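By letter and in written order, the chains are A, B, C and D; residue numbering begins at 1 in each of them.
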Amino acid sequence: MVRVGILGASGYGGAELLRLLKGHPGVELVGFSSRKYEGKALSAAWPQLWDERLFLPQEEVVGRAEVVFLALPNGLAMGLVPEILRAGKRAIDLSGDFRLPPEVYEAWYGIPHKSPGLYQEAVYGLPELHRAELREARLVANPGCYVTAATLALAPLAAEGVLKGAFVVGLSGVSGAGREGEGTFFAEVNENLKPYKVGGTHRHIPEMELNLGRLLAQGHTPRTHGARGEVRLSFTPHLVPMIRGILVTAEAEVEGAWDQGKLDALYRGFYAGEPFVRVLEDLPQTKGTLGSNRADLKPLYEGRTGRVLVFAALDNLVKGMAGQAVQNLNLMLGFPEDTALPKEGLWP
Amino acid sequence: MVRVGILGASGYGGAELLRLLKGHPGVELVGFSSRKYEGKALSAAWPQLWDERLFLPQEEVVGRAEVVFLALPNGLAMGLVPEILRAGKRAIDLSGDFRLPPEVYEAWYGIPHKSPGLYQEAVYGLPELHRAELREARLVANPGCYVTAATLALAPLAAEGVLKGAFVVGLSGVSGAGREGEGTFFAEVNENLKPYKVGGTHRHIPEMELNLGRLLAQGHTPRTHGARGEVRLSFTPHLVPMIRGILVTAEAEVEGAWDQGKLDALYRGFYAGEPFVRVLEDLPQTKGTLGSNRADLKPLYEGRTGRVLVFAALDNLVKGMAGQAVQNLNLMLGFPEDTALPKEGLWP
Amino acid sequence: MVRVGILGASGYGGAELLRLLKGHPGVELVGFSSRKYEGKALSAAWPQLWDERLFLPQEEVVGRAEVVFLALPNGLAMGLVPEILRAGKRAIDLSGDFRLPPEVYEAWYGIPHKSPGLYQEAVYGLPELHRAELREARLVANPGCYVTAATLALAPLAAEGVLKGAFVVGLSGVSGAGREGEGTFFAEVNENLKPYKVGGTHRHIPEMELNLGRLLAQGHTPRTHGARGEVRLSFTPHLVPMIRGILVTAEAEVEGAWDQGKLDALYRGFYAGEPFVRVLEDLPQTKGTLGSNRADLKPLYEGRTGRVLVFAALDNLVKGMAGQAVQNLNLMLGFPEDTALPKEGLWP
Amino acid sequence: MVRVGILGASGYGGAELLRLLKGHPGVELVGFSSRKYEGKALSAAWPQLWDERLFLPQEEVVGRAEVVFLALPNGLAMGLVPEILRAGKRAIDLSGDFRLPPEVYEAWYGIPHKSPGLYQEAVYGLPELHRAELREARLVANPGCYVTAATLALAPLAAEGVLKGAFVVGLSGVSGAGREGEGTFFAEVNENLKPYKVGGTHRHIPEMELNLGRLLAQGHTPRTHGARGEVRLSFTPHLVPMIRGILVTAEAEVEGAWDQGKLDALYRGFYAGEPFVRVLEDLPQTKGTLGSNRADLKPLYEGRTGRVLVFAALDNLVKGMAGQAVQNLNLMLGFPEDTALPKEGLWP
């Protein structure tokens, strides 16, 4: 039994980590922290949990664990990870701290980086692209929901070398903004729909471009710190009145002559054998992924415009966050990759 | 591995049976039927499932299985169960067909009963009250969501012999009406709230009264076909704009002198050790039970009126339907009672 | 044109006052205030408004207006109204400050009353009961949503002298908690349902009992400060995942022999000619009142228990708040009572 | 008082026509029909209406009215309009029957056109572009929600002659699918999000291209049957879990050099003086238009890609349907264009 701990267990990412890790046969959950609930019982923070264990101080969680999940706001993991690694432990960070080259991070996040040297150590936590590296990783930079969806949607075109650019529209439920996210009051969100952080200002843009750039330069299974090409995306996120689920709708400009058959073959080939990516005949819908670690994709050749439409749906708190982190844990520890991870969800 | 089958696997109860039984280590799901989807793949009916097995004809499912779940509209199980039992198989019926004495059933459901003799054979499938009987059952009459919630809410008072009557208000999400339930279009249900089948017309009233009457006469662990006392309830259901979850709010008239301490002691004692009933300090909320087989209860002594308020929340498709059926299966087969049944749910 | 002003125009009550008063042909809106938005344009606070007039300081609004609406948190109007009245202006207060005898107010609201003497001056703003008094009022204590619904639901029984008590269940949308109401984040409210402030703790209980007590003692058209009898209610509110609308479901214990015909006759007679109360054949639903100043009622005789069920639905921000305030304004100023007030709403 | 009638008054478009026309000071509503509710009272179809007038047969409505609104499924108006016009009456058709050249209509709608000659008679009912023509119109082809939003979003660029193409994403609430629209059950729509009719198959594509083509060829105020240029759009609609409201997000490819200032000036100039189009500083949200006849727009220059993003929000049942029809009525009858049409809506 590997001893795991969670820092930041009173946010939504923490809740999903708790749900998944409590059902994991190969790990023992030895501690979890929350500044807000320290010293209180799990059930005080989480009505869905029937568990009276107490939230512990961060240091105690780190002290007890062999692998530490960090589900903290951006800017905190960079201060904690050095010590975790020095103590010979491994870390899976769910924030943005180690996903981008430090200078790019600083430019887009507006936070000075405290541990820039560790970026070279971090493995980018998208198993479909970086599986081999992840098996050896001591520090994983676990990507978030929009980037996971957009990258999975466009990766086959990028790895094939034909992706010239894309107009990416993101549609997200409210839980992506966190537990008491700004501007997420029910009366203002329900029966409402709005774009936000548009016009090239969303901080997940450089990460999407980096991922696709790696694929352009290196093909199907890039190294995190290998060569990268350039691709330019437009990204336009919207807030949708639902709790979970994101859908990415991308219109890609591609080189060469395509048709539906070639496109299907490319996508089915690229994701063949993947335990958590399904290429559909029909169009995906977010509810089809609720509570599961699956991403559902559908590429579509649009004859009228010669463009390629790709749709990607996933549960932002599972494949877009905690589930992916557990998938990375499984790779790091040598467990079957789908241990404790549902491929199928709830309906309705 | 026990071979189980599901009749009616394209409704919501069927979906939850599929979810739970696919994760059950002691059973093999050998078939499932649906008139609408016969010959089609599971994934055609269910976007959340990644499973291309085909829906089979009813007879084939029955033929292959040792235990048959019947998740069919009222009035159908009564025609199928005799043959299932004759073939030496066991049946768990999720409809109302075997929950009431046949003459009561006919009066409230308006359906002539085809197998009235089997009522004596049926064990009422509420594990908290009928655990011992269920271990031996060949035919289980699995109760629904409102009755489970109202019975669990008032059982301690009834078993204590102090329950004189109650005003029971039911608040239900939409999935209780079934997959394409009448009057459940989004534009007419969202941002709306309405009572329905009020004034003593809801067919679950006699079942609640029967359950509480048994407790009044027999105490804590009644026999399905034992003596029963009489209790009269008012029941007023409402449709709430959410998918899953029901809440029962009951105001009980009780004999004797009560206070909060006595009440808490009664409820905690009554449900001590129950794997799926939690007596809370705080008020329950439906989201706390989402996806789990748990019921959350809170009794409250109301000093101003001398009445007892009880709140009960559960997921109508799990503890109020499919999860309870699997709990009964576990009892019948001698598995640990919580096998494949989550005590904790998803949030948010 | 009567000059009117609004204090507290950036809350939901203020938004509805703005909507209704901007369409009122007999008044001129001369100012509106908001601590948060002072000096900013209306459209900065309200995306639905196309109006660049600025929020003014409170004193300026009061200075310009002949009639002042106070849509402020509890405890503020009591400090402002004395001066408004001294200046010869009239006031309609939407808070609880003048609805209850000061000693009762202090006990339930926990706020020392600064102007206890003004209670005798205040007319209770429920037009269906206090129409004549309201025509002469200088200060109106405008009731809120739950109390309006519960009072209208039970008034005919109280005025008839047969109401012994009632179990009142309140079901409310989220906007009743205000613009950024505590515990109203989308991800925690949607797909959730919960009771709150139960067990005789909700501060609207004494107001309901006071209203019904006046009717018991004085009959159909009581005086605010006349005699009152006693009635004891249980009140159990719940939060429902919708924005607008409340439903009150009351089970009343009544004296004498009743049947559906007598009950219908009582209610239809009591509300005959009322412009904003409709007694339905069918059950009410909240969406039927959306955006309108109407309350929909349905009394139902429940033969099995001998109790009377009454359902009342209304839009909490209109008949339960701003619309009722405008109805009172119309009475005070001698306009037709329904001026600028929709009897019919939006669907869906 | 002009006598108006509504054919198809039991659908959502009919409900909004009823709401708006009942408040119109210059018209008398002389009749309304519904196959389903013929002979029944308005309140039987519509819980929000307090109106016991009866639904009449179609012929009787037509017989009484001077202007007839047709809010019927596609394919019916083409059979009714000839006789209405022959009788010297005027018609406003809310269906697609007269919006497209008959051969284009037949290709995209799959319905043989019964009155192809009338297309030359029909004026396209978008007041912002065809105001002068509408004043003289006998037959108006009233456009729907997606086309109104997309056309208003891109019209300034097309009229300026710089629009080369656009990727248009549509996001719609459920009421756009009609009262019991296929696939709109609450349990399957809530907490779900999905694309539909994608890949160039949605029948509103040719109408958008026609509108923008007219602007390209004719500039700001085109004639319905004048010259047209060519523009090619991709259109990708999605179903969002809300009742009302649509948002169109368009990424336009444009000629020439642009920046935010030039773009704002173009849009503000183009819509200067329009009573129902607002060009915002901030991003629009659908709730800001709820219940109003307003469209909110925001153009945005995206420096990273050189593309122009445009967002357009409106209430699909008002500016996208019934409100626009009343706006056209006002033009036809010489009433002020905003008579009975709210510029401001409800919040929340």
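Heads up, the rule we're going with is that contacts are C-beta pairs under 8 Å (C-beta built on N, C-alpha and C of every residue); 3 or more make two chains touch, one makes a residue touch a chain.
Worth saying up front: this structure is predicted, and the values here are computed from it rather than measured.
Listing every chain that touches chain A and chain C alike gives B, D.
By residue number, the contact pairs of B-D overlap by more than half with those of exactly one pair in B-C, A-C or A-B, and this pair is A-C.
By number of C-beta pairs in contact, A-D leads over the other of C-D and A-D. In this assembly, the chain whose C-alpha centre lies farthest from chain A is C.
Between the CA-based centres of chain C and chain D the separation comes to 37 Å, rounded to the whole angstrom. For the pair chain A and chain D, the distance between C-alpha centroids works out to 40 Å.
Counting partner chains per residue, chain C shows two or more touched chains at residues 12, 173, 175, 187-188, 190-191, 241-244, 284-285, 287, 290, 348. Contacts from chain A toward chain D in the complex involve residues 165, 167, 169, 171, 173, 187-188, 190-196, 198-200, 232, 234, 236, 238, 240-245, 247, 249, 251, 283-287, 290, 300-305, 307, 309, 311, 313, 348. Remark: chain B residues 12, 15, 19, 22, 46-51, 175, 190-191, 243-244, 278, 284-285, 287-292, 294, 296, 343-348 touch chain A in the complex. Residues of chain D that touch chain B in their complex: 12, 173-175, 179-181, 184-191, 241-243.
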